[in-house]
Structure formats: C-alpha cells, structure tokens
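The data blocks that follow each hold one structure.
Next come two complexes, and both contain chain A; in the first it sits with chain B, in the second with chain C.
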Partner chain A sequence: MGYVGKGVPSLTNTRLVAGRGQFVDDIALPDMTHVAVLRSPYAHARIRSIDTSAAESLPGVIHVITGDEVKANMNAIPETYDTGAVGAKGVKWYALCLDRARYVGEAVAAVVAEDKFAAYEARDLIEVDYEELPVVADPEAAMSDDAPLVEPDWGDNIMATRDITLGDPDAAFAEADGVATGSVRSSRITGSAIEPRGCMASYDPYDDQLTFWDSTQNPHPLRQYLAGTLGVPDTSIRVIQPHVGGAFGLKMPTFQEEPLVAYLARKLGRPVKWIEERTENFQTGGHARDTRFRYDVAYKDDGEVTGIRLEVLADVGAPTALCGWGMSFVTWYCLPCVYKIPNSETHLRSVVTNKCPWNAYRGYGKDAASFLMDRIMDHVARETGLPRADVRFKNFIPADEFPYPQVSGAMLDSGNYAAALEKVLDMVGYDDFPRQQEEALAEGRYLGLGIGQELIPEGCSMPGSLILNGSDGVEVRVSPTGDVTALTGITSPGSGNETGIAQIVADGLGCELSRVRVIQGDTESCPWGFGNYSARSIIIGGSAAQLAAGDIREKMALVAGRMLEADPADLEFSEGNVTVKGTPGQAVSFDDVASDVYRNPHGANMEETEPALEATRHFKIGNVYHQPEKQGRFSAYPSWPNGAAACIVEVDPETGQIEILKYCMVHDAGTIVNPLLADANLHGGIAQGLGAALYEQIVYDEAAQPLTATFMDYTIPTAVEIPRMELAHQETPTPFTPLGTKGVGESGVGAPLGALCNAVEDAFPDLDITLNEVPLTPSRVWSAIQEAKTGAPEREAVSR
Partner chain B sequence: MISSELAFYAPATLAEALEQLAAAEYGATILAGGMSLVPTMNLGLARPETVISLNRIDELAYIEEDADTIRIGAMTRHRDLIGHPIVQAHCPSVAAAASVIGDVQIRNRGTIGGSVAHADPAGDYLPVLAAAGATAVVRSATSERRIGAREFVVDIMRTALEPGELLTELELPKLPADGGSAFVRLARVEGAFAIVNAAAVTSGGSATIAVGGATASPAVAEVAGDASLEEAGDAVYEATEDAFGDLSGSAEYRREMARVYARRALAEARDAAANGGGAQ
Partner chain C sequence: MKLPISIAINGQTRSLEIDTRLTLVALVREELGLTGTHVGCTTGNCGACTVLLDGDTVKSCCVLAADVDGQEITTIEAFSTGASTLHPIQQAFADNQGLQCGFCTPGMVLSTHYLLGQNPSPTEADIRHGISGNLCRCTGYQMIVDSVLDAAQRARESAPSASGAAE
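Entry: the complex of A and B
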C-alpha cells in the first residue's frame, strides 16, 4: 500500500542521463564576466605588497581585487560551525587574505575580465611580494612547545580539546587479564565531486536584488552568510542551487570565493561567474580524515573489553569559517561506537597546520571512529585467540538497552548490532571460509576475510548553528486541478531525496506519485530549511513533508466528508480517489475535492474552513539535548544508523595488490522510504569507503606543499575497480521520526576501512601483519608482507 | 586552462612540418594526439610559444610490413594498432600495450609517436619497443637518421631528438615463427599510468625483457633461452639500480616489481611461443 517502501526510480534520471541537467557553469547571462583567483603558492607567508598594474592594463580586464578592498568593504565570513559554542578557537576569515596566507591555495587576489582567457592571463601578471614564514606541516610537531604558530593570537596550535572519563578506567586496566596498545591512522583525503565548485552572481540595483547561483548544498544558510559578509539585508539576496554534480559535504558554505563573487557582482553591476579548476579543488576545496589515534584497551580472557583509553589527534589544516574541523569533534563524539565499554577515557586534540582546511566529507569523522574501533576489536581477538566476530558480539551494546548514553554525551536512539553482524556473516560465508581459504592456499592463492562495523549518526544538530540544525520546512500545495507541488528546505546533491519526498507526499495525500512535483534549492520560493548534509533530507525534510501533507489531507477529508455526507474518519484516500470505507459506490475524486475548495470557498463544504490547500510545516527532530550536563556533554545527533560489512579479498603476495572478491553489508537505516535509492546511496558510500581504504591520499611535503595536484596523483576507484556489492537492510525504526527513518546518505563509508585491513591481514595466517594505516596501497601491503617475512617472529594463526 | 597566446601551425604534409620546425626561432613544440601535451599546457606546466600540430598529416599514419619488419607511422592512433592484423600477427605486444593506454577517448586520439616522443618513464610502448629491438626513424628538414629504441630515451621525458628533428616512424622486427612475446603491467586502477610495465620477447636461443616505470628509460636484460624466471627477474633487478620513487611506490618497491613483472612477462612470452602465439 502506498509509495513509501517502493524502489521508485529517481525522478531526475531522465534529465540527467539525457545530459540535460543544468549545472552552474551551464548558466550564461548577457554581459557576463569571469573571475580567476590568484592563490598563495606558499604554505605560510606574509603578503608585503601586491602590484596589480600589469594585470589591470591587460585588454579585457575589468577589475583586480586584493585584500585591501575586501577589508574596506566586507565583513569576515561567518562561521558555519560555531567554535565558541563548543569551546573551540576561531579566526576571522575574509574573502581574500588580508596580510597573511596560511596554506597553499588560500585566495590572495582575483581578476574579473570579459572572458576566462583574459582573467587567467591577468591573474598570472599580478605580482605579490611574499615574505615566507615558518611552516607547521605536521600535527605532532604542531603540538611541541617551540612550534611556529598557524595563528599567532592563539598561543598554541590547538583548536579544540576534549577530555572525558566515564567509569573507572584505572581500575579496569588494573584488573584486566590483558592490555593491548596500538596506533591507527586515517589518511588525508577529499571527496572528488566530478563537478568542482562554482558560483555566479547577478545584481539588479533597481530592486537591490542579488541573485546567486551556486553549486552548494545549503541555499538558505548560504544566504545568511553572504548577507553577513556583505553587510546587507538577507532579503536582498536570492540563492538558487542548480543541479549539483556531487557534493558529499564539500559544498557546504562558506568558501572565500562565494562572498567574493557576490561582492564583485554588486560592485560592477554585471553578472560575475567563477568556476573552479580541478587543481584548485585539490588545493582548496576541503580535505578530511587526517587523523592519528593511540589506544590502550583492557580486556578479559573471554573477550570482554572492560576499559579503553583513546587519544585522537586530528590535523584539521588551517582554521577558517568552514565546518570541516568539526569532523574531528565528531570522531571523538562517536567513540567507542557500537560497543558498551563501561570504563572509557577519550581525549581529542584538533590541531591546526598550514594545510588546506578540512571541509565536511561524507562520513564526517564517524568513519574514522568506526575504523579505530574495528582495529581495536581485531587486536583483542588476536591477543585472546578468540574469533573476531565473537569479540564483537561480546561487546556490542545490547539491543534492549536503547536509548543508550555514550561516553561523549551522545544518546544512541536504536539498533540491533548483533543481528546485523550475524546476518552479514551468513551472507559472506564466514563459517565456511576457513575451508575456502585452505583450498585456495593449496593453489598458492591468498584469500582473507575481514569484518567492518560502522556507526554513522545522522541529523546533526549543533547548538546555536544556522546550518547544522535539526529542523527543516516543507510546503505542500494542492492546486485547483488537484496537482501537487512540494517545496522543500532540503536540497539534493544528486542523491535522489526529491523522489523520496514525492513518495512521502503522495502517500500523505493519498494521490498518485505522478501528480507530485518537488521544488528545491531556491530561497525565494522554498521554505526555510538548512539544505543537505548529515543524511537529514528524508529524516528531517521527509518528516516535515509528511506533516504538511497530513494537514492538507485533513482539510481535504473534511471537505470530501461534507461532499459525500460521510464522517471524514471513514474516508480512504488512494490513487486520486476518495472513498467511504465499506460503501463501495460512494466516492469523489481527489480533483473534485480540490476544485471545490478553490471554487467554492464560501460554499457549504467550506464552512468554517480556511480557503486553499497550502500548508507549510517545520519538523524538529527529537533526541537532541543541547543543555550541557556534567563534563560539558551534549547530544547533537538524534539518529544512529549502523551497519556490518564483511568482505573476502585475494592478495597478490608478490605485488601487494588487493582484489575484492566479495563485499557484503547489512545496513540499518530504520524504515526505508525507497530501497532502490537507499541502495544507490550505499553503493556510493561503499565506493568512497573503498577509495579511502585502498587508493586515496592527499600528500604534502615537509614545507606543506601539496604533491597531489590532479587525478593522476590522487587515485580514485572507478566502476571498473568497485566490486559488486551484496546488500541487505535490517529495519530497526527510530522512535524519533514519524516514519522511523534514520538516514542513509553517508552510510557504507565507514566499514570498508577496518574490513579491508582485517581481510588483508587474514590472508596471511602464518605472518604477523598489522595494517593500521589506510590507504592499503600495493607498496604498503607489500612492505608489510616483507617485514613480516623477514623481521617479526611468526605468530599463531589469526583467529576468526 | 590555456590563457597565453601562441603561434599554432597545422601543416598538411611532413615536408611542410619539417620546414616550420626548422624555421621556429626558439624551437617549437610538436602536437600529436595531445593527450599529454594539452593537459600539461592546461596545468600551466608547459607554455610553448609555437605549436606545430601533426594531426592533418595523413602520410604519418600507417601500418605497413616488409619481409622482416613492420613500420608504424608516428601519427598512428593507439586505437588503430589494437586490432590491426599486421600488428596482431607480427608484434602483438604493440597491440597489447596500445589497448591499455588511458581510456577509450585517449586511445582514440593518442598516437604511438606522441607517446614515445613524450618519453614518460611509464609509457607503455617503451618496454615493448626496447624488448623488440625496434628502431626510431627521425627526420629533419635536411636529414634522416635511425636511432635504436633503447637509445631513443635518454632521461626522464628526454629523448635523443635534436632541435629540428621529428620522430616519423617506428620500425619493429617481426617476431620469428618460433618466438613469443608478451606485455604486462602493474597499475593502481584501470587507465592509470603503470607503476611498472614489462615486455618480453623470446626468439631462438635467447629472451629479451624490458621493464619500464622504474627507471628513466626501460631496463633491458637479455638472458639465455633456458634461463629460469628467477634469473630473468634478477637480471632486470640488477638493471634497475637507478630506480626512482614517487607517490605510487618507493624506489625499492618499483625495483622489486620490475623483478616480478620481468618474470611474469617472460612466462607469458614463453606460453605464447609454446602456443604458436608469436608469428601467425
């Protein structure tokens, strides 16, 4: 019954496959100008002076802007993630560097020209006199007393600190049967959206209206940030999000170029467009994940983990107004993920360096936390000689203990981790694998099985934030002809949430899906909302859609009841018809009801009833607690989707190359609105997780110069490398959304890291190999095999 | 993007191209398929003042055979080599290398001459030509000379071409009836440059193995026909002392992979010979 739960193909498929999407660079206006941005070639340098004369005299150049003009005319860019609200340090970041550049790629000056060619040529004619400053290139070095400072005002390079203790770790370690210690590292990566960043602005001085097209995820918040930076009323700005060619969090505002382009359009009175190049994207488009962990774990001989001490050291790059550094906070916040560990001590140090700032990337730090916990569980299995799955089963938070309070203050809403793991072990053939492995080994082939467990909380709601917020709005309109429009505050980066919204609205109204048109990404027409991030579109936007559709359905039932002389409670709405339960012949069409509402507002059927069929509702998700309790803890994530993955790999011992033979995942996102699109999101998440596990790394040298400038240096997997995935859903609905939806937008990205490391280790039962650092490049795997063969003593077979 | 102005020539004949090349006061950059040059220009790493495109010169795109050799014009596209009967019959490794370069678009546009003259250490034709004992035919407005494939690449992205010279043809000896050849490569993902690539040719009483990717130009080793795979691998390993490292692998890793892929190439070449896979 209904559309929710059906695998309806995405409503945008035909347009996008036909190549008729409209992306920001497809938009052209008469009289349009083009921007090229000059970026710092140094990781840290003082800007002594800038000579723009040669650039300005080039034919076709309209204007050259530097930090002096920005300082005189623009405010600092408002922070996306309020550092003050969580006790972190912040900076004033401007659309161009005022006097100091803090990473390679930070915007120093910009040219506006009649065409792109003149803009780029003029950019290369700007002469900047830099004074190189000492560079902070490594997070551990950044913590030393004599380290140069990324922000001289701060006194040190530590942006955020968290230290929380739960229970009595000292006693747990004293009473443990064993203690294991280790380190884990997740490399710096980026999200590789195929469409880089870009925006365009056009100003109408007569109406004082700036129209701003942007490949962004968050039109309403961006409007606030642009207005704040420009010092103009937010009503004088309209933000439009065209189609977005991939975002993954990395298109959350606010980048320097966005207010810069807005300012230039207002100043020059001509449309201004800026489209990023791939090399700029690698330098400045936002990085993620660069995290080092140290752990001590106390365990009993039966595999019970009784205590942990975890240190998280995140290299968040240079501080800006972007929200990416918050990923380090969330990594810490998720620990110890799906496990019930009574005595925990967790420490976070978010450290700044002279590298590209972090921006949000799918997983938002949850990935790294899951990776760490997988490595710890495998380590305990190795030390105790117990099977890997058993150690996990022993330590899972039991299904009957939800809602479960985590050490960080997080309140886990629901879950059944053991059931998901059991199912995935079944899918991968865990019990039969030793036989399979032995047979392969007899042929000289090395097969390994790995397990990965992920916890990817969603619906992020931070205190005081005008973007990371647990509410959103939807307006549903039914027209006089019975056609339906849903306008949403949430947006789609290409993930298909417009289709899910249409399904929810069609069910809410009891009409055909084909009647429903979804409009997103325009601050002028769509209700207030925060856009797309943290898998919130269906859980929060979808809930608002259900409420708005419910309001209209209620009014239509009232009117239809009067038309049919029936009790509204006895009416059934289905596929555009309204019938009376138990009275087959008694019916009226959805269209006729809509028509009567609009044609006869003064008629008998509309007595005491407000005209028209339009409803705007805003949904605020539960399970968020912002009042800090003892130790300053608060709960920012309402919904906790999770999953268990298992994979089988074959490793070439001569080269270190890994082939994934089987990849299975059981995922729990609560109620699934659209299984086809949920799987599509998992495919993407898993592919990006495999990218991080096997291929991707942003590399800087000791002077913090980036060495990965193009896709030739930064390897991402394509459809050729991604294995077929076997997926299953376990639906444990959350009590905190009306449909029980938990979010699936980031899922899949966390489990591959631990699963792949574990599988490769498992492929060599006779060697003592520990792989705690991703990506597992062939050379890294090969080196580990060589070291184990030549150096370390043999160990007992890896337990499973 | 390419924002600086440049002089661009697109001659229709080789003679015209060689004249323009000779006349270019500060030297000219040759544009073949453009699959390496254009990205390099887009990145601002190359800013040539004069570019001479060979794309209109039909006389440079051909695959011909004599009694003992096949001759490939420098402007022959990778795509045209893959399924070509003469190449398949007499130098199948050339087709094997052509079939894994980049992606479909790159193979449609890129040329063997462009790839060889670009002299990227991981270029896929280089070990094939070195193992086969091929010859590069080089022309200028006033002269023609022949350079052995093993002498053609002199350093990373540097060739034996003198100013005013153009690579016009590659000449390969046909694989003998009892011979076999193979081409194998190690790369992170499909379409990526190889970490190492290796070609082997067996012929009569000997085998030649050439491995690219680890050193500036392919490391070549000749072994006896009955040499073990280990001996062959070790011989190549010895020839890669100057191996370099980069983001895709350390020097040590590349040397070891040169050894491994030398063995794999030779094993496949022997299989091919045993199956009559050489000259058909």
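Entry: the complex of A and C
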C-alpha cells in the first residue's frame, strides 16, 4: 500500500530522454546578447590599468565592463556562509576584480556582444596591464611567517582554526600499548557536471522586473544574493531554475558571473546570456577536497583505539563569497566519524592560496574525514596484526549509544555500523577471500580486498547562513477537480527528488500518484526554501510536503465525514476514493470532496471550515543546536547516513594498473522513499568516489598555474572504468524526521577512497605497501610497489 | 564569411547561409533551434553533442557546419514526436532510470542507436565500450547499461522492421 517505498522512475524521464528538457542554454529570447568573460592569466597580480578601446570598437560589441564600473554600481557579493558565525575570516568579493586578481581565472572584465563570435573576439582585444605579485601555491608554505599574503588585511593566510580536545589524550598516549603515526592526503578535485554553469537575465523596466534563469541549485537564496549585490528589492527579481544538467554542490551561489549578468541585463535593457566554457569551469567553477592530514593514534594490543591526535590542513584556494571553504570545517567536524574514541584531539587549519576557490562538492568534506579514519584503522590493524574488520568492530560507536555526541559537538542521530559492515563483508565474500587470493596468486594474479566505512551527515544547518539551513517549505494545492499540485522550496538538479515528493504527497492525501504535479525552482510561485544541497530535499522538503498534505487530508476528511455522515477518524483515503472503514459501500470520491469544498463554501459540509484546499508548511528539522557550549561546539547536522563498502581489485604489478572486480556497498539512509532513485544516487556517488580514488586530480604548478584545463587532463571515469556495483540497504530510521528518512544524495562518495587504497595494499601480502594518497594513478601504485620491493625511495611522478 | 549549404536535417531538406566559423552543434542548436543536442565541453570529450551524420555518430562540436554540405543529420528530435511515441531506446532509458539530469542522455541514446545497429546483441562489456565516448556524471552508468541491454532485448523481440533506425 502506498507509494513511499516504491521504486517509481523519475517523473522527468520522458521529457529528458526525448531531448525536450529545457536547460539554460536552450532558452533563446529575441534580441538576446552574449557575454564573454576575460579572466586573470596570473595567480596573483595587481591590475594597473585596462584598455578596452579596441574591444569596444569591434563591430557587434555592445558594452565592455571592468572593475571600475562594478565598483561604482554594485555591492560586494554577500557571503553564502556566515564566516563570522563560525569564527572564520571573510572577504569582500565583487562581480569583477577591482584592482587585484587572486587566482587564475578570476573575472577581470567582460564583453557583451550581439553574438558569441564578436564577444570572444573582443575579449581577446582587451588589454590589461598586470603587475605580477608573489604567489601562495602551497598550503604548508602559506603558513610560514614570511609567506606572501593572499589577503593582505588578514595578517596571515589562515581562514579558519578549530582546536578541540575531549577526554585526556596525553594519558591515553602514555598508557597505550602502541602508537602509530602517519599522514594522509586527498587530492584537489572538482564535480564536473556535464552541463557547465550558465545564466541568462532579462529586464522589464516598466515593471522593474528582472527575470533570471540560472543553472543553480538554490533559487530563493540566489535571489537574495542578487538583490544584495545589485542593491535592489528582492521583489524586483524572479529567479527561475530550468532543468539543471548535474550540479553536485558546484551550482550553489554566488559566483561572479551571476550578479554580473543580472547587472548587465538591467543596464542594457536587453536579454543577456552567459554560458561557461569547460576550461573556465576547471579554472573557476569550484574545487574541493585538497586536504592533508597528520595523525597519531594510541591503541591497545586488542585493537582498541584509546586516543587520537588529528591535524587537518585544507587548501581552500582563494577566499570568496562561496560556501565551499566550509567543507574543510565539515571534514574536521565529522572526525573521528563512526568510531568511539574517548580521548581525542582535533585541529583544523583552513588555509587560503592563490588557487580556484572551493565550492561545495558532493561529500562536502565528509568524504575526506572517512578516508582518514579508514587509513587509521588499517594502520592499527597492520601494527597489531589483527584483521582490519575486527579493528573496526572493536571501535565502532555501539548501536545502543545513539544519539552519540562526537568530539566536535556533532550529535550522531542513529546508526548500526557493525551490522552494515557485517553485511557487506558477507556480500563481498570476505571469509572466503584468502582462498581466492591464493588461487589467483598461483596464476600470477594479484588480488586484494579493501574495506571503506563512510559517514555522510546530511541536512546541514549552519548558524546565520541564508543558504545552509535546516528548514524548507512546500505548498500543496488540491484543485476543484481534485488535481494536485505541490510547489517546493527544494529543487532537483536531476536527482529525482520531485518524484519522491510526489510519492509522499500522494500517500499523504491518499490519492493516485498520477494526480500529483510537482513545481520547483521558481521564486515567483514556490514557497521559500533553501534549495538543494546536503541531501536535504527528501528529509526536509519531503517532511514539509508530508505536513502540508496532512493538513489538506484533515480538512478533506472533515468534509467527507459530513458528506458520508461518518466520523472523520473512520475514513480511509485510497487511490482517489474515500470510504468508511468496515462499510465499503459508504464512499465518496476524492474529486467530489474537492468539488464540494470549492463549490459550497457556505454549504452544510463546510460550516465553520476555512475555504479551499491549499496548505503551505515549513519543516524545521530537529537535532540541530546552534547555541555553542564552552568549547564553542554546536550541532549542525541533524541526520547521519552511513555505509560500509568492500571491493576486490586486481593490480598489475608491471604497470600499476588497477581493475575493480567487485564493488559492494551496504548503505543506511533510514527509511527509503524511492529505492530505484536511491540506488541511482548511490551509483552516481560511488562512481564519483571511484573517480577521485583512481583518476581525478586538479593539478597546479609552482606558480599556481592550473595544468588541468579539459576533460583530456582531468579524466572522469567512463562506462569502461566503472564496475557493476552491488548495493544493499539497511534501514535505521532517524527519530528526527516524520518518515525516518536520513538523506541519500551524497552517499557512496566517501568509502571508495579508503577501500581502494586498502585493496591495493592487500593485493601484495608480502610487501609492506602504504598508500595514503589518492588518486591511485598507475605511476603512484607502481612506484609504491617498487619502493616496497627494493627499499628505494618512491619516485613520485604525479603529485605536486 | 557566409557560405550556402544544403543539408537533410531529421529527414527535411534545408538550404542555409551559414557563418563559416559555425560548428555543427551550433548550427543544430542555434540556427535550427534543435536544443536536444547538448554542449558539455566543445573539445570532443563528453559526447553530449553526439548526432548522426550520414548514419554515423559524430561529436558535433568538432565538425564544422561548412563541412556537412549535402549530408544527412539526425538529432534526438527525430526519435519521438510526443510523450507517447518514444523510440524503444528512449523508452528503455525512461523505464530503467538510465538517466538522472538528462544532459548526457540524448548523446547516450544516439550512441546506443548506433551501437545496436552494429551489434544487436551486445554484451555488457560491448555496451560499456560502445558508450565510452559519452560521459555521464550522474548515473555511474549502471542503469544506462541496463537500459541498453533492455533496449537490445526489446528490439530483438519485436519484428525486425520495428527495430530499425529512427531516421
């Protein structure tokens, strides 16, 4: 019974497979103009002067804009993440650089022209006189006393600092049977949605209305940021999200181009479109995860970890108004993840450099934390000689200790980590693997098994932020003919949450799914909401939808009860019919109830009842505590989905090439609304995790010049590299949402990092190989094998 | 510089004056308004711009419009006329959730169409190779592969005539 729990294909499939979706670049308006953005070729440079005369005189060019015009007419872009609320430093970031460029690709000037050819040609004619400034290219060097400064006003290059101690780590280390020390590094990566960024604006001066189409995840917050940058009332802007061709966090506002295009459309009175080129996306579209860790771990001979000291050093690139740097905070915030370690010390340094700023990317830093903890558990297993699964079982937070307060102040809502790991070990054939490995070895093949355990908290709610927040609205309308519309504050970048919302609403109303139409992504029609990120759409938006549908159902039951002369509590709503329990002959159709509500507001069935069937509800999720305690700790994540993965790989020792033979995951996101779409999201998350584990890395040289500019340099996996994945769900519902949903949108992305490193190490039982840095490129793997064989120092061909 | 060309687009002959700098994908999207063909890179890597040129798949961002004079171009728009007339390949993608955001999907459908034309009974490995010129960042490919397997099955089960090309 009911739609929740059913694997319904996405409601948007038909239109999209037909090629009849509407993405931002598909929108064409009469009189439309095109923008090309000139970007800094230097990682750090003062802009002495800009000569736009040649560009302006090119036929077809309408306008050339530089920082001077921006400074005179626009405000700084409001911060997406309230840096002050978490004790971090902020900057004033403008739609174009005013006098200094701080990374390659930062926007310096822009051309508006009649067509793209003229726009690009004119862009090349703009002459900028730059004075190169000293560059900060490395986060460790950035912390030295004599380092050049990315932001001269700051006095140093440290954006955020966090230091928290729990228990007595000194005593734990003194009393330990052993202490292990090491370092781990996850590489700089990017989300690479196949649709690049892009936006278009059109201004109606008679109505003072700017319509703004954007490949964005967050229409309502974006409207606030645009209004703030332009200094106009938010009611003069309507943001529309057309179909979005993938986002993964990277299309969270606000980039420089968004207010720039909005401003230009208002100024010129003509529609203005900007579509990003792939190279621009690699330079400026937001990076993630470039984090170095150091750890000391104190353990007992039985595998119990009694203390840890963890240092997190994140290279967040140049500071901007984007929320991406917050990923470094979240990495730190999750530690030590799924483990109960009574004596812990964690330190965070988020360091700025002259590189592309971070923007949110699936995993939002949780991935890197899980990676670190996997590597630590494997290290303890190596030192103690215990099986790696046993070390994890020994240290998991027990299932009966939730809600569990983690070191950072995080309040883990629920979980059963041991059950998930047990199940995945069964799926992968852990017990039988040694035999399989031995047989393969006899044939000269190197097989290894790896384990990864991820913790991916969702529903992020940060104090003071107008985007990262734990509430959202849904309006449900039932029309006089009984047709249903749900308008949501959450949006879908293609992940299918509109379908989940429709399922929840159909069940809430007791009607057919086919009646429900879902409208998203329009600030003019949809209720306030923060949009899509942090897998919040079903847990928060879905909960609001359930509340709104419940309100309408209650009114319909009241009216139907009067129509049927029955107690509303005795009514059953199902598939468009309302029946009295026990007397199935006594029935009225859903349509007739709706009709009566609208046609007879003064009728007997509507006495003392408010007219119409429309309800807007906002859901505020629990388990969030924003009032900091004495160490400054607060709870920002209500919901803690998690999973265990295990894989088997074959490694070619001659080339360092890795082939994944089997990849299994057991995932726990509480109640699953749509198992088909949940699996679809997991597949995508795992594939992105495998990409980061094996292939993907944004590379900069010593002058902070990016070397990865196209899909030829930055290689995301194709169908050939990704194996068939085996999934299983475990449902430990959270008590903090009405359905027990925990969020599934980012899951899968964290476990591949540790699992792959561990599997490759395991493929060579006779060699002492440690792989603590991803991606596991063939050269890195080959070098590690050679080093272990010969004792020669590892020759590092890839990493910088 | 302007150049006159004549093409057959989705079965219709068209004569056009084009800018010689125009790529095939820009011709299709901007001049002809067929926006189901997408642009993800313009460097020939992502496959979102895949169309059929005289029956073969090409990455239309890497073909100059001036070079297609006299040729036959088929885009995703030729594969259906409405929600109830999806091509069997499209229906297989929709039923098997072989897409999420749908940005790569038209290219995937065209590559699938070409693949099944060459090999009506592909193995999973054949399919993975057959679509390896089309990047998808959303799905992890698994449900796409399942969609292609299903599309091949449907084509084999129906009469040979019904499994033919859309063009």
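For this structure, a couple of remarks:
Basically, the second predicted complex is superposed on the first by the 791 of 800 C-alpha atoms of A that agree within 3 Å, B and C clash if a C-alpha of one lies under 4 Å from a C-alpha of the other, contacts with A are read in each partner's own complex, and residues count from 1 in each chain.
Quick note on the criterion: a residue touches a chain if its C-beta (ideal position, glycine included) is under 8 Å from a C-beta of that chain, and two chains touch if they have at least 3 such contacts.
Treat the numbers as computed from the prediction; the structure is a model and nothing was measured.
Comparing chain C and chain B on the residues of chain A they touch gives the larger count to C.
In the overlay built on the shared chain, the residue A:657 is in contact with chain B alone; chain C does not reach it.
Once the two complexes are laid over each other on the shared chain, residue contacts for A:277 go to chain B and to chain C alike. Of the two partner chains, chain C is the only one that A:28 touches; chain B does not reach it. By the touch criterion defined above, A:699 lies against chain B but remains apart from chain C after alignment on the C-alpha atoms of chain A. Of the two partner chains, both chain B and chain C are touched by A:117. By the touch criterion defined above, A:725 lies against chain C but remains apart from chain B after alignment on the C-alpha atoms of chain A.
Contacts of A:713 after superposition on the shared chain: chain B is touched, whereas chain C is not. Applying the stated contact rule after C-alpha superposition, one finds that A:779 touches chain B and leaves chain C untouched.
According to the touch criterion, the shared surface of chain A, contacted by chain B in one complex and chain C in the other, consists of residues 117, 277, 710, 712, 716, 718, 720. Contacts from chain A toward chain B in the complex involve residues 116-121, 123-124, 277, 279, 654-655, 657, 695, 699, 707-710, 712-713, 715-718, 720-721, 777-779, 782-783. Only residues 19, 21, 29-30, 33, 35-43, 45-46, 48, 75-77, 79-80, 83, 86, 90-91, 93-106, 109, 124, 127-129, 131-145 of chain C touch chain A when the two sit together in their complex.
Residue ranges of chain A in contact with chain C, taken from their complex: 9-10, 12-23, 25-26, 28, 117, 191-196, 243-248, 275, 277-278, 493-496, 676-677, 679-681, 683-688, 710-712, 716, 718-720, 722, 724-725. Residue ranges of chain B in contact with chain A, taken from their complex: 1, 3-4, 39, 43-44, 186, 188-193, 195, 247-250, 253, 256-257, 260.
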